[in-house]
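Each of the next two complexes has chain A plus one other chain: chain B in the first, chain C in the second.
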Partner chain A sequence: MDWGNVFSQAITQGIGIQAVIFALAAIGLNVQFGYTGLLNFGQSGFLAVAAYGLGVSIAMMGWSLWVGLLVGIAAAVVLALLLGAPTLRLRADYLAIVTIAAAEILRLVFRSVTFNPVFGGSDGINRFADDFYALNPFNAGVKIGPVDFSENDMWIVTIGWILVVVMSVLVFLMMRSPWGRVIKAIREDEDAVRSLGKSVYAYKLQALTIGGVMGCFGGFVAAIALQSVQPDYYGTDLTFFAYAVLILGGAARVLGPIVGSVVFWFGLVLIDSALSNAVSSGAITFIQSTQVGQIRYWILGISLMLLMIYRPQGILGDKKELSLDAR
Partner chain B sequence: MGKASRAIADNPALASAPGIDVNRVVSIIWMAGAALAALAGVVYSLSNGISWQQGFQLLLLIFAGVTLGGLGTAVGAIVGSIIVGTMIQVSTLFIPSELKNVGALAVLIIILMIRPQGILGRRRGWAELWIGETSSVRPSHRASAFRRSSSPWPRSA
Partner chain C sequence: MPDDLKHLVDALQTVPQEAGVPKPDPILVADGVRRHFGGLTAVDVDHVEIQRGTITALIGPNGAGKTTFFNLLTGFDKPNEGQWTFEGRQLAGVRPHKVAQYGMVRTFQLTKALSRLTVMENMRLGAQDQRGEKLFALIFPFLWREARRTRSPSRRCELLASFNLDQKRDDMAGSLSGGQRKLLEMARALMVGRRWSCSTSRWRA
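This part shows the complex of A and B:
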């Protein structure tokens, strides 16, 4: 059992690409769910339209990286408005159903053979990130202690964490402002806010859009880091992982998504490497190496259930400010 | 049991006042729902085989069927499911078969926008969906209780 290798892999992935993607997605969810109380189960749809917006603009239309980013952001805004405009007047559950259905529609459409010329079908779009990596200032990979990144990975991880920090600062400033106070009040008691003359619908729509745009940067990082946009990556699994990250770290806390994402991916990769290592070195004999992936998700699922039962506010959360009604 | 469950759906705190054991009723409802779903799974597998993903693939279509028919009525669930199921298969005449689920989900979204209580949903019970709406017929305490229990966040204090 090579524990050194296990831990170094876990730490590298804990601050690596996946952690960044989910931190960004969770920051967006934090604005929507943590601070406003909107049940957005379609966050993967926002990441998907952003990633496909970027990929299609560069690979199909031949535009530059910056135009692709703008197209992706615009697509996320349009999606938020389309989803929010009709449903934010209804009960919370209806937004949940509509968003989960919309995300699934997007995934099926992106995956379909009919739209293969534009979206690339189930293979997705590849080879569009060259512009980005041309700007890479790192000439060699980085190996500091247990952390080991190639030069391309180091570049996107650096940019990704810069984005995470910028978004977190934005969230902190927004939630301290009068706008943020109204948003938090909407979460607690909509009628009270309405009685003060604020348009709850408008605030909710703004929160949905801002959360969607923040989340869509996760889609950009995913597209560029993985150098391909594949429809099956943006399924409901991604949304539920983003929720897990958010709740683990503590919803309605600025650092919640970051802490949650790092801990989540560190734990997941730790379990994965430890189990694979144990199986391949013969320390555990009743599991085959092909089963490690599934067992990892079992453990993840059970941990999440225990988390929801015994500590629903997560690591950093405040019990008074968040208490999910587990029924 | 039925009256108790409807009381709990409306306002759990108020329902426990006359002595309804909320946890017990909720457990029984969960068990009954799970039993029905298990029966559905068995029947589905008889014709489609068993796959570890079959539940998830059906999940959104189940939502679509139930919401279309109207939440809160059993006949609504049947009607909605029949419509959704028929529509999915018939739609393959017009749209490519890989997109047949897209049609059902799109109809779900459109129905939720036009008529959120579904086809057979009770107009009276679900008028509270429109949060901004007020009505002189509905007693205001019931309206506000329903709206507050609809939020996943705790009521202050």
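This part shows the complex of A and C:
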């Protein structure tokens, strides 16, 4: 078995494109769920509207990359207001129901035959990010120790991690401010905050929008890195992986989404490549190479369950703080 | 009793002791407030006036509708009919946070301490008109730092001291005992308004 190759792949993916996408999605969820207590089960919808906003603007409308980014952000803001305005006055469950349904509706609209000329059906939109790669300052692939990126990957990963750092600094500043104090108080008990003269509804709408816009950058990174926007990438599992990442790292911690995403993708790829390596070298004979893809999710699921049982606060969380939740 | 408060009690000396009687200087006047849950009438108040500057208690057996009446007055629930004014301002249909901003602040029967915030953060949350709570000011600390520094901390500290919580100021509110949480909730409510606070609680023998 080639352990060097196994770890090389795992480390490369652990800091690679998927890790960046899910870190960004989880940072948005952290603002919504971790700090404000909003159950947004439609984070994939925010990534989808951003990615499609970008793709349609460039490929169909022929606008520039920058206009495409603005269209994507605007789409995420509109989506947040549409989802939040009718539901945030109601009990918390309604937001969860509406967001998960809306994300699925969006996915089905994007892949529908009716809108094929605009959204490209189930094939999506492809090859629209050449403008972005034209700006690439790296003219050769980068290989440092076990990490191995092509020049294009290196460029999008660099931009992606810069975005992750910028968003995390923003979250840190926001949550340190009096605004963040109100936000955290709403998570604890929104009636109490209402009784202290704060418009809880406005704060929740702001948090939903900010989290959606932060998450939508994950959609940009995904669209540009893969040079394609495909509807089925933005299914419910994207949302639930993002939740797994957030809870793994530790909710309501600024660095939680980053640590969670790196550990999640490192672990997933480690299991995957270790298993397929073991199968192909004959060390494991009772499974076939085609079954590895399913089995890695079993192992991942079991690990997440064990994590919830033995460390429910996540990697960075504080167990004492979690136990205060019981009122 | 301090002498400067004596006039408040004296003012009530001449008031006859019967339900719905007019008070000499009412801060709150409610008329015809009714709330039905299906066929059940939970609250049916013809007329009530609350005197300014005093502590007024509303008593009754379990299920009499005391808490529902508080919910109605503070905007947390909507009555089927009725009007009430607080300091002459119509409050029917006003949203709860606005009611609090106008100076009528409630606490809750089941104490709502904000567990994972410190005692001091709980108190800070009570203060009104904080620039740093605005979304667009939040990433520019220089806009709100100044305001926070000039805002006198003495009121917070005074209140905490008078409620015997000043030793606990940096503890998480969730780590306080039940009684201390109730005290914190009262102190926090007093940070909001200086005019009137109404609290609903069940006393155990």
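The criterion applied here is as follows: the second predicted complex is superposed on the first by the 319 of 327 C-alpha atoms of A that agree within 3 Å, B and C clash if a C-alpha of one lies under 4 Å from a C-alpha of the other, contacts with A are read in each partner's own complex, and residues count from 1 in each chain.
Basically, a contact is a pair of C-beta atoms (placed from the backbone, for glycine too) under 8 Å apart; a residue touches a chain by one contact, two chains touch by 3 or more.
The shown structure was predicted, so the numbers you read here are calculated from the model rather than taken from an experiment.
In the superposition on chain A, A:A102 makes contact with chain B only, while chain C stays out of contact range. More chain A residues lie in contact with B than with the other chain of the pair chain B and chain C. By the touch criterion stated above, A:D189 is placed in contact with chain B and with chain C alike.
In the superposition on chain A, A:V166 contacts neither chain B nor chain C. In the superposed model, A:G180 lies in contact with chain C only, and not with chain B.
By the document's definition of touching, neither partner reaches A:M305: not chain B, not chain C. On chain A, the patch touched by chain B and the patch touched by chain C overlap at residues 187-189, 191, 194, 200, 324-325, 327.
Of all residues in chain B, those touching chain A in their complex are 26, 56, 60, 63-64, 67, 96, 98-99, 101-102, 105-106, 108-109, 112-113, 116, 129-132, 144, 147-148, 150-156. Interface residues of chain C, counted against chain A in their complex, comprise 74, 76, 95-98, 100-101, 105-108, 110, 112-117, 121-122, 124-126, 128, 130, 132-135, 137-139, 141, 144, 148, 172, 174-175, 185, 188-189, 191-193.
Of all residues in chain A, those touching chain C in their complex are 170, 173-174, 177-182, 184-185, 187-189, 191-200, 206, 321, 324-325, 327.
Contacts from chain A toward chain B in the complex involve residues 37, 39, 86-87, 89-94, 97-98, 100-102, 104-105, 108-109, 111-114, 187-191, 194, 200-201, 236, 322-325, 327.
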